[in-house]
Structures are given as structure tokens and as C-alpha cells.
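Going by the order they are written in, the chains are A, B and C; count residues from 1 in each one.
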Amino acid sequence: MSDVLLRLERLEVVYHRVITAVQGVSLEVPRSGIVALLGTNGAGKTTTLRAISGFIGLDDARVTEGAIVYGGSRIENRAPHRITAHGIALVPERSKVFENLSVAENLEAVVPRPGADRRRLAESIYELFPALARLRAREAGYLSGGERQMLAIGSALACAPDLLLVDELSQGLAPVIVEELVGRLRRVRAELGTTILLVEQNAHVALDVADYGYVMENGRVVLDGTPERLRAHADIQEFYLGAGGGERRRSYREVKQYRRSRRWYG
Amino acid sequence: MTVPRASGYFRTRYAEDFALLDTRTRKAWAALFAAALLVYPFLAGPLALDLANQVLLGAVGAVALMLLTGYAGQISLGHAGLLAAGAFTTGILFKEFGAPFWVTLPASALVGAALGLIFGLPSLRLRGLYLAVSTLALHFIVIHLGAEYETKRGFSTGILVDPPSIGGWQLYDARAWYFVLLAAAAATVLFSLNLLRSKTGRAWRAIHGREAVAGALGISVHRAKLSAFVVSSMLTAVAGCLFAYFRGFVSVEAFSLFLTIQYVAMVIIGGMGSILGAVLGTVFVILFPYFIEWLMEAAGLAEELAAVVFAVNYSAFGLVMILFLVFEPQGLVGVWRRIQAWFLMWPFKQKPLAGTK
Amino acid sequence: MQLAVNIAVLAAIYALISCGYVLIYRATRVLSLAHGELMMLGAYGLYATASLFSGHPVAAVAAAGVLALAVGVLVYFALMWRMTGESVLAAVLATIALGILLRGLMALAFGTQTRHPLAELGWTNASIAVGEDAFVSGVGLVLVLATAAVYGLLFAFLRFTRWGIRMRAAGQNPLLAAQRGIGLHGIYALAWGLATFTGGLAGMLIASDAGLESTMVVIGLKAFPAALVGGLDSLAGALLGSIVIAAAEVLMVHHVDPLLSDVVPFFILLAMLIVRPWGFFGSREELDRV
């Protein structure tokens, strides 16, 4: 992990000046790597992602401690469109396309980074997602869930990013489509050299595509490692992959013990 | 309902949560304030008395609008139309039938309630901006009907209304008016405060917060909206009736859109969601033009600007409204609470948390 | 025939004004109730430039147009950007307050007597015969043509240019737009600038036709039912709404009662709000988002 593109250093995010959603998260995303951020609802994954993409200011949240270092410069608490200009693009969780605009217009509306070749970008996007080329004139509101996700990824790529942030790739989509999208993300990395930070609840998907994973809980990173290592970890099997013993349910004490052990890792 | 004091005062019964005046100190202050209001007309000069009368009259309408906008969250830009409806009901009944005030007052209230129902109907389908626009449309329609009456009956300059009389005694004297208006304003304020701590008031606040959630909690959203419109419009029409008698004159020119804006400004400048705010806002808005006039005189510009006084007023008023909207969205009540908090916490510095009220 | 001409001219007036309401609403989700005043400011702008550039009427008109555009951008950066994120009510009230402020300032700066910018420019307003027994004033004809041109250009702008597409995108989903690198403040300022420009243009033309006085604000206010009847987020709707309202107004005034002129648009608006609140071409979801 020599060339680090994005590094979070003990990041802390506070909502409404009182609620701490992310407490001291540190992680590294190597250039041209795919890193997954795992965790259940409310673990602080999305907040972390929004902190990176500059979206948290709109929810009255701020980065109060720590740093977000991207390509050598600090970018915390900047306006979203400035962060996009730095080469970070987000595929958001919900409302990810402009529904009243056609597919082509969705891609056209994007402001790419200065110096990017718009035409070549559009070509490579249509090449990656032939479905989008076919649906060029269709209004985005009438796309299926999978097509929408493709368009969302496509228009994020139209910003010509170095770093693509993907929030909940698999949410609400059929496994077959998720598999296809995962394949596309691999191609994005291979062909465009884009670095990808993926936030997922579905550990199967995340560990399948990533070369490194972080597990978040209660606003902290509690575990990290290569997919092999994470897959082998007993707690991951138990809580994320659903492969545990299964015969008996865990008692409250054991869960508490589990949480305590997580804190040690963090 | 009220903010607890800083000292070791704790509420021990639920009823105390609903009390209008909870501590002895507050009761004492309220009594003192009431006494001050009662002796005011005997100490004040004619101008001060007239100003007080205008404030009291305005407060009725402002409190009514506060119930609707500040509490139930329904935006209305038809307030002047409702005032006009009350005033014209009074004027027409007086001119056509020579009706005394104990007929015109309830009749105005009734017309107001009926109009409130009509104004409220669009609110069942519309929200926010669209609702504001529909009430604005209703304003123009009410005003048009008034103008139509004036021209058709040949009162193109306006309808003259005699002062109300009981037996042989006429309500004419400014001091007598003061007590009548004080009673009206006090009754409105008490009625509103009472209503707000009832089930209806809670329903209003619930639909203000979020309609869908309020509905899920078993509140009839339609009923709450309509009741807010009806109560508010009724009070407003009563204020319109008083306005007609107080001025002794009814004319559509008095009920322009600017009047609506003035009332909305009272609510905004006073502070949303507070009866005290409505009263403070009224004081501010009514006294503002006099303050500007005084300022112009003090600056020695009174004569130069005499021809354009209204323009100066407009500019200053617009500017003040903008300043409040941008820098003090909680209005005068917000300022008042900060001062209170400052004194409570003194000598410690208190920094209120953002996101709390 | 004369009625048809009158309807066309009035519809053009309303359409030229109401596209400002639509532009601002569509991009920023704010209904600007200061539009009538901004329109009047545009007209006073022409009056001022006309006396400044006396002898060069074309330069004066161009300068007034640029001025109007600049005023709109200025309004956004001086006031409206502070209202982003505030409630609908606060933003609308801010525009109302701005309207009052402008009205006061204009009365202070220009007085209250009727002005005639056309005379200042040194042009005359000839009456042109249409068909056998109908007439249209020269300015009226220019109004119709200008409205057609403005609408054509706006359609093309929003449909085919990158900035137009971005403006639509920003109005629809500002969060996502910001994420896609679109600077919202720039877009919003552009919307205000364009709206004030078209409104100012309407103001200049009306002032050239009928003189410039404070009642012009009422025309601005009467045009906004046109925007709503058509659907606040649709330009085509504004055009259709303007025609409907103008036709109803002219016919009612002619056949029933001249006093109705000020109230007909609002009657139609109310009827529309009850039957089909989102207007002819507006999108239905609009109702829920405000």
C-alpha cells in the first residue's frame, strides 16, 4: 500500500453540533484499489462517505476532528461541487439520477473536471454500459432499478473522477444484476484506473469485489483486512455472512462481549 | 408549554405543565403588567393613546394570523381580505339595515367563520406555496366584491359607519375605545392561549410538524386544518368589525395587499409560534412608521422628504423585514429569549445549541 | 378581430412576465413575488439609460437589458442565496420584502409621476392596421414578437445547451446536481438574471406602450396566475396559461364588466387550484415537494 489516494485520519463527524456519528475513523484507500466499507445500518458508513464527498454540510453536520487527505491535500468541509472538481464522484444511495432528464441529458449535465475529454469519456461510458447507449433518449424516471444504478455510475464517471464513491451498490437490486454491476466496477478499475470506495451492507458483494475491507460499527472501524482474512474471521461469518452455527441464538451477554472485543480492535 | 426557570423550581404535577402562569414571580409580573395597562390611558397623551389603540386592534388580527401560520403552519396571504370581510359585513349591515353593533359583531364573526371554511378548503389539497397563492387569490376576490358593492351602491369613496352606542351612550372617546380594544385584545390572547393547550391546539402543532405523522397518530388532518382556518378567520373578521367602528369608515383602499404583508410581518418580526411574538410584532410594525418619521425629523430631513414619506416608509419596512428574515428568523421573541437566558445564566456565558429552540 | 388582437397582445404581456416566475421556480423552487417590482425596475432602467444615452436609442435598450440581467444576479447574491435551505414561507416572504423595498426605493429615486421612456428614446408608437378593422400599436406588435423570440430561445436553451440542461438538473435534484459538479449558486444566479431580464423586457415594453407608473406592479401580480394555471414548472404551461387568462380577461371585460379586469385571473387561478392544482403541464409531484 505505497501510493495512498485517500486517507482518513481519526475522522470525527458531528451532527447538529451534538450527535457524534463517526468517531475517530482512520482508513486508507490505495490508488487504483477497490476498498469496501462494511457495516450494518447506523454504523456510520454513509456519513463517512458523505463527509468525503462534502455532502454533510447540508445536513448540519461537520467534520470536527481529524482529516480527510486526498492526493496530498486536505478536503474536509468543502462544498460538494468543489470536491467533484478535485476528482471525487459519488454514486448516492437514493435519488441517484435526474428523473425528468433523458439518459443522454443526465450524462450531459455533469460538469467534468477541468481538462477532461468529454467526448472520450462519454464513449467509454457507453462502451462500459451498452444498455445506456441503447436507452439514450429514455427519460431516466422510466429506467429499471439496475439501469438506474448503471446510469448513476455512468454519470459519476462522467465527472472524470480518480476516486469513485459508491453508496450501497446492491440495495434493492436482484442478485444477478448486482453480479453484473460488480463485474462492471472491476472493468472500470481495470480500464479507467479509477479507485473505488464501496460502502455495502451486503458483505458477500463487498468482499467479492474489494481488495481490502473495513468493518464499521457504532461510528468506529472495528476490523480491517483483506477479504480472505475478513471472511475467515468468526464474527464476520456470524454477523455478516450468516454462516455461523445457526442452532442457537446468541445471548445478550455474548453480543455485549462481542461489542467489547470490537472496541479492542478499533 | 413554558420554559422552566433556572432555579430549583420543579413541576410536580402534570397540571403544572399546562398552567399559564406557574410561579409566584410570574403571577406577580403579570398582575403588575395588567395594572400598568389599566392606568396607561390616564397617563398617556392623545398620540400615545391612539398608538396604543392601534396596537391593541392590530394585536387581535396578528394573534389570529399567528394561530394559523405560526402554530398550524398554514400559510395565508389573504389576511387583509378577511379583515375586509369583517369590516364590510359591519358596514353593509349598518348602511342597509341600520344594524347595531351587537348584531354586526356576531354577523362579522359568522361571515369570517364561513370565509375561513372557504379559505381552508384549498388547504385540504394544497400545501405551502400553493396554499399561499390560493389565499392570495381569495383576497383579490373578496376585495373585488367589496369594490363592487361600493360602486353599485354609490359609496365609491367608502362607507361611513357611526360609532357603536349602548342606550344613549356612544363609544367615541379614545379612552373608552382603549378599554374596549384592551378587552378585545386580552380576550383574544387568553382565548388563543387556552385553545393552544387544548386538544385542538395540539392537533394544530402536530400538523405543522408533519401532516402524515399527525394523521398516523390519529389526528384528523382535515379537521385540524379547517378548524385552524375557521378560528383564525373568525377572529380576524371580528378585528375587521372593530376596525370599521374604530375608523368609522370602510373602504377597499384600506385593505390592500400591503395590509396583509404588514400582518405577515408582525408574525415574522415577532417570532413564529409564539403569542407573545404576535403582540411584540404588532407593537413593532405599528410603531415603525412613527419611528421613521421621528428619525427623519431628528435628521432634519422631514421637510425635504415630506412628499415621499410613504416611499421612505416602504423602503425602511422592506429592509427591516429582510433583516429579520435573514439575521433573526426567530424574531423579537428570539431576541427576548436570548436576553432572558443571558440574565438567567449570568455571570456564565451560555451558548445555545444549534438546532434547539 | 380587434378582440383577438387585444388577446394576443395581453397574452404576450402575461407570457413574457410569467416565464420569469417559471424560470425562478424551476431552478430554485422559490416563487418570487417581487417580480412585478423587478419588472418595473427594468422599465425605470430603460428610462434612465434613455436619458443617459440620448440619441443612441439602440444602445440605451441594450444597456437596459444588461442592467436588468445584472440586477437579477445581484438580487440573488445579495439576498436570495441566504434563503436557500430556509422554509418556502421564509423565501417567499423575503421576495415580498424585497418587493416593498424596491417599490419604496423606486419612488424615492424616480418620483411618482408617469414617465414615457419611448418618448425619451425618440421613438413613436404608431398604430398598425391588422386586417380590415383592427389595430395594434407598434409596441404591441414588438411585444408579441419579443415574447415569441424569448420563448423560442428559452426552449432551445433549456433543451439543447449544457447550461440549460444543468439548470433543469439543479431544479430537480439540487443535491445530486452539486455532487455532479454543478455549482448551484451559479445556476440560481443565472435563473434570477434571466428571469429579471425577461421581466425587465416586459416592463420596458409595457412602459413604452402605456407609460411607466406604479400600477405596473399590478400587471406583474396578475401574470402569476398565468404561470400557476399552466403549471409552475413548465414554460409551455406558462404560455398556454397566459393565453387562457388573457382571453378570459379580455372577453369578460368586453362582454360583462370592466371592473372584473383585476379579478378574472384570480378566479381562474382558484378554479384551477381546485380542479387540477398542478396546472395544465406542471408535474404532479410538485405539490408534495413544497
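Keep this in mind: contacts are C-beta pairs under 8 Å (C-beta built on N, C-alpha and C of every residue); 3 or more make two chains touch, one makes a residue touch a chain.
Bear in mind that the values here come from a model prediction, so they are computed numbers and not experimental data.
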Checklist entry - Whose C-alpha centre lies nearest the centre of all protein C-alpha atoms? => result C
Next on the checklist: What's the farthest chain from chain C if centres are computed as the mean of the Cα atoms?
Outcome noted: A
Checklist outcome for this item: Cα centre of chain A to Cα centre of chain B, whole Å, reads 52
Checklist outcome for this item: Whole-Å distance, C-alpha centre of chain A to that of chain C, is 44
Item to check | Separation of mean Cα positions, chain C and chain B [Å, integer] | outcome: 33
Item to check | chain C: positions in contact with at least two other chains | outcome: none
Item to check | Touch list for chain C against partner chain B, complex | outcome: 31, 79, 82-83, 86, 88-90, 92-94, 96-105, 107-108, 111-112, 221, 224-225, 228, 259-260, 262-263, 266-267, 269-270, 273-274, 277, 287-288, 290
Item to check | Residue ranges of chain C touching chain A (in the complex, touch as defined) | outcome: 85, 162, 165-166, 168-169, 172-173, 175-184, 283
Next on the checklist: Applying the document's contact rule, which stretches of chain A touch chain C when the two form their complex?
Outcome noted: 53, 55, 58, 79-81, 84-85, 89-90, 92, 95-101, 105-106, 108-113, 155-156, 158-159
Checklist outcome for this item: Seen from chain B, its contact residues with chain C in the complex are 69, 75, 121-122, 125-130, 132-134, 136-138, 140-141, 144, 147-148, 151, 257-258, 261, 264-265, 268, 308, 310-319, 321-322, 325-326, 329
